[in-house]
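Heads up, the next two complexes both have subunit A, just with different partners, subunit B and then subunit C.
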Partner chain A sequence: MANKKIKQIAIYGKGGIGKSTTTSNISAALVKQGFKVMQFGCDPKSDSTNTLRGGKYIPTVLDTLREKTTVKASEVIHEGFGGVYCVEAGGPAPGVGCAGRGIITAVQLFKQQRVFEELDLDFVIYDVLGDVVCGGFAVPIREGIAEHVFTVSSADFMAVYAANNLFRGIHKYSNAGGALLGGVIANSINAPYAKEIIDDFVKQTKTQVVEYVPRSVTVTQSELQGKTTIEAAPNSEQAKIYTRLALKIAEHTESKVPEPLDVHELREWASKWADHLLALETGEVTSKASCI
Partner chain B sequence: MIKILDQPRYVCALGAMQTVQGIYRGVPVLHAGPGCAGKLAAGIAGNNGDSGYISPQIYPCSNVTEKEIIFGGEERLAETIENALRVVDGDIFVVLSGCTAEIVGDDIAKVSSRFANMEKPVVYVETAGFKGNNLEGHEWVINAIIEQYLAKKPVKEKVKGLVNIWGPVPSYDPFWVGNIRELEKLLIEIGLTPNAIFGEYRGIENIDKIPQAEFNLLVSPWVGLKNVKLLEEKFQTPYLHYPTLPIGAFETGKFLRTVGKYAGVDVEVVEAVIERHEKEYYYHIERTSDVFLENRTMSRRFSTVTNATDALAISKFLVNDFGLVPEKQYITDDTPEEYRDSIEKYFTEFEYGIEAKVTFSKDAYRIHEEIRNCDYFGPPLIIGSIFEKKLTKELSGNFLAVSVPIKERLILHSSYVGYHGGLRLLEDIYTYVLKQFN
Partner chain C sequence: MGKFVDRPKYICAMGGAVATLNALPGVVPILHAAAGCGFNISNAINGGGGYVGSGYCGGQSLPSSNVFEKEIVFGGEGRLEQQILSTMEIAEADIYFVITGCMVEMIGDDAVSVVKRLNKGKRLFAADTGGFRGNSYKGYDIVLSKLFSEYVQTGLEKDERLVNLWGIVPVQDVYWKGNLRVLKKLVEGLGYKVNTFFGEDETLEDLKESSKAILNIVVSDTYGIDAAKTFKEVHDTDYITTDFPIGDHGTARFIKEVGTALGASNEVINALIKKERKRYYGYLERVVDAYSDFDLQRYAVIVGDANYTQGLTRFLSDDLGWLPELVIINDLLEEEQKEFLRRKFSDYESGIKPELVFDTDASSVLKHINRHWEVNKNPRYYDSMTPAFLIGSSFEKETAQKIKAQHLSVMYPVSNRVVLDRAYAGFEGALTLTEDIFSVLLESR
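For the complex of A and B:
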């Protein structure tokens, strides 16, 4: 137990892209494989672990800190599906204070208390809010927290934009011992062009797609029951995909420094794809393609 | 590129808390981290203005820490203002914000405005350190009082001969009380009625009179320009900008003539005052000229390392009254870019066609290197702050600390302004020179 290496993973992506859904399914799949897992929601929305806990919210680290000056980690760890340790960093009310600092405080609090070691964890998975807008949201990729970063992205330009921003953050910290990129989890990939777009983006930025996760109604149904797909529909095709993804992440060892596009390159890249899609579906631009 | 600033002589905008303290019964209420006030006071107030009825150690402060950063500190500030009003018996409360509160976006305007209808005026100023220095902060404090307090009061009639005095910055100018008092006396002598808000027993009563002045008199190269301009806009009060703090006979005479003319004072009245003072002044110069002329421990060349006000005032005195030769003058107050050209020009307007080079620098390392490499044709005179003491020793020169940080002398009400001020400055300079003989 003493020298076990804890694998710490951070999952980033644009808001609403499916980070929490994907992360919770990964956590659920990993505990089913017998691993000890903690899922750490780093998003003031505080709903990262809901589907692991029957749709219920838990008191957050920062809520607890608001009431008193010291917080014992044990007060904010709540067990969920299969024994996943669920933590939500929480945050200030919209429009006040500094959510970024909140994330830093919550993460540091855990690090200082050596909670991960005491719980004998195999995995800590951080589910981190949207874009890397400031230093606070970059804290999991800074030295000494996560080692591997994955980003959830669809073929939507805004999602790709956020992913690229994350790559820029990783790039920046990479010389100082920060986390490296494991790859892209391509979510909601159903149309063939969506796969092509994501494949092209990872090629441009010298990374890889870890898994293609289709958009599936099973996910929605499970969520409505307050459950992950792994729990609610363990035998579904979607559950198999999540399990495959979880195992790939468990076995993943070598992350790399991505090569993000600069703003102009990214815009050019997007307009190239827009033209291509137009030509492809002349007159029949789907809503998805229209945002490219 | 990272640069280390060696021995800066100004502090952040929150240092303008001293301006509030300079207003008798004015109470600064800080929305800042623990330590800001103490550190800033050590930086500029030091042993002159660090204690009293209200002082940096006891300013009401919200003590913003991690909790307020994350969740916002507005409620904490509201509590602090509320309790300050309850506990501290003051006449005007000025809320000043520091870096942390402003970084997280606390709306101090909104919080302060909740106290708009209290018995005592509550105004606010955003003085986060990253926004500017303490001199800019000083201007912001005064502008806040003008806009949020004075401009809301009913208009009163102008009073003939009433003149607001602006220029010396409380605490940051260690001689601020004395300097303001001297300026007041000079105005009184030519028949005007001075109105200054800083120092003993002036306070809110004098603040209330500001809009009634016939004109505003700003005696400083740049600090305060924003205030007199705002006063012109709000109350149609014209202003006279006299950039040089007058020290000694030459400049004080010029000052009195300029102010007298602007105010429409009878020339004879002004000339009579000047004559009387000059008679006394030159009597002392004359009877001491041996000391000035016959010593081998001071060359005729000098540099000042100080804020724009003192650099200009002292070099004008040493050149015009005393015939010394200016080497480079170093201005260390982080003067805003917009004023630098006009300030440089002031240094080309000495008597006898003499001009001085000026360097604006915040970095004592560079300044000191330049001074070391300058030929002063003998032991120089260096006038600055305590930071120049060691340097001057190294050069076997003569030294006088006049601007913060001073640390080695106590200044209560003395001043270098006016005729007596000029004599006082000579006493101080030559006391050092004479000690060299021992």
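For the complex of A and C:
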């Protein structure tokens, strides 16, 4: 077995912000470049890899564990587009049990069984529920799992808030060998002020934007076919952006400790932008103000 | 970060609940917790409780859902339901009582609603006793409150001659059963019937009808108060709190307080005190010769819980004529509880004013003793705190050796003695305590 280093990446972000869409497109783009990739969905919703598998759900690690006491990792790996290895951690029914503990169980099961090495992977990409509500959702950024974290965020205040929370998590684990921050994937960035907002946020927190991904109907159309944009519209402008993003991530080596804003700073920062937008776009405020 | 407790003299809320339920006749506890909880709790109960044993369905026979990772991730209510049904099939009992550990509460398992769904009426109960809720005393209060509000019948006619008495926590008071016997007899002496729930010859039927009582007597200012408030709310029965009495000075007060609250006449109260005193001093008198011949007056250090330290210090100071120097209370107490307790250590007939220290670390006892009474650094004249006697738990055995004091384990944990029907409460208990103390003093002879 080749003794190469497996690049493990975690992608976080607020619910519904586009993590799974972005991650699946990155995975698809990377396999097209000839890499061996596993996408590991760490969200009890269990739909991370759907667009890699024709829109179909796969049995999750925890579903399988619920039936039997021991699970072989190979039983819960399902091949998707271009040979991407798809895994869903799964979780309990909403309102019972402990989803966080479920993520820990699933991730540790894979780690213990040394599956990544056996499959000779180049990349493992964790797609993680981004409101890091408890220790379980921080497990991919703890020591010995992912090294690089990227966060998907729009210019929406709640998305930025979730990103900032994630930065705090990274900050906390950073001196204990945890993952560091690669940067922000700015999603649904169409209006010019949206770019400005995100640019200002990364400046404040001493990180960078890896790529600006516009909101595009191609993504929606592809999703409706149960496919990633890379698969359904390989020649589209959007596919080019996802490919460029994937390559940047593949080449990325140096991650850093971010400098999250504290609650007061964050609020001040947000209200400053709100004022700015008001002044900038009087007359149009009502429709655009929802972005901050 | 909050302060941690070094060498706690209690277990968790669930542990207190187990001890409480084991002490009730015909009750089987069902633990909803990880496998280790029941085992550890049983060891702490038996080993620290004067070898109380596992009883009808305790110790290694405690039914437990023994949750593992699967239950933690997906929720353990299903496993609990199985465990309840199989326990009800296998173990005979009048009441099954589900109590919960930390982990199942943290993941949001709802034992109370599982029990409700099973719809077994007044045979099956559940209470949340997650260890993080507090210590053994909390578990006692939680279990009692639950039984008072759901098991005890409402709407019964009051019985003017019936009272309930509690506040003596099974196992945390290693002599609970003996103490309840003694206190029950005292109140009976005033002309009342008494339920103590955990004592000799008590039945669940008595507990069920305890709402007939006209007064609840809580023999503590700290334990069982929540339960008394619940009782008041549900059954509209008033309660009084009294000090845990040991010896003449403590017990005469106890009789007066209880008698007054019940509206007993002075004649009845005084007649009872007189009768008890006559017997008490008749025996106590015997040690007077040895006491003075061998010079058995001692400096005393008293270390333990809020109930006992108070009763013991009064007994040593005012009944025995000893010199209590230092009292250390290890309980977890609120500031106002401390303030309240302080007053109880300052009105001795002897005029003695012992230093009172609140420290939750049982490991700090020696430190406090050395601070209280400066260590001998070999000056020409040194007034030492000798001879001294330390009354505490098994934890203080070594400390006593270090300060060359003699030692008796009275409060939890008591691991160096077997305790059966012994009592230290009241007049009767004070005689036993005197026997025990003087036997230690004279053991080398």
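In this section, the second predicted complex is superposed on the first by the 286 of 292 C-alpha atoms of A that agree within 3 Å, B and C clash if a C-alpha of one lies under 4 Å from a C-alpha of the other, contacts with A are read in each partner's own complex, and residues count from 1 in each chain.
Throughout what follows, contacts are C-beta pairs under 8 Å (C-beta built on N, C-alpha and C of every residue); 3 or more make two chains touch, one makes a residue touch a chain.
Everything quoted here is computed from the prediction, not taken from an experiment.
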Touching partner for A:Arg66 - first (subunit B), second (subunit C), both, neither: both
Which superposed partner A:Gly102 touches (first subunit B, second subunit C, both, neither): both
First (subunit B), second (subunit C), both or neither touched by A:Gly226: neither
First (subunit B), second (subunit C), both or neither touched by A:Pro92: both
Interface residues of subunit A shared between complexes with subunit B and subunit C: 62, 65-66, 69, 91-93, 95-99, 101-102, 105
Subunit C residues touching subunit A - in the complex, by the definition given at the top: 69-77, 106-109
Interface residues, subunit B side, partner subunit A - complex: 66-74, 103-106
Complex interface listing, subunit A residues touching subunit B: 62, 65-66, 69, 91-93, 95-99, 101-102, 105
Complex interface listing, subunit A residues touching subunit C: 62, 65-66, 69, 91-93, 95-99, 101-102, 105
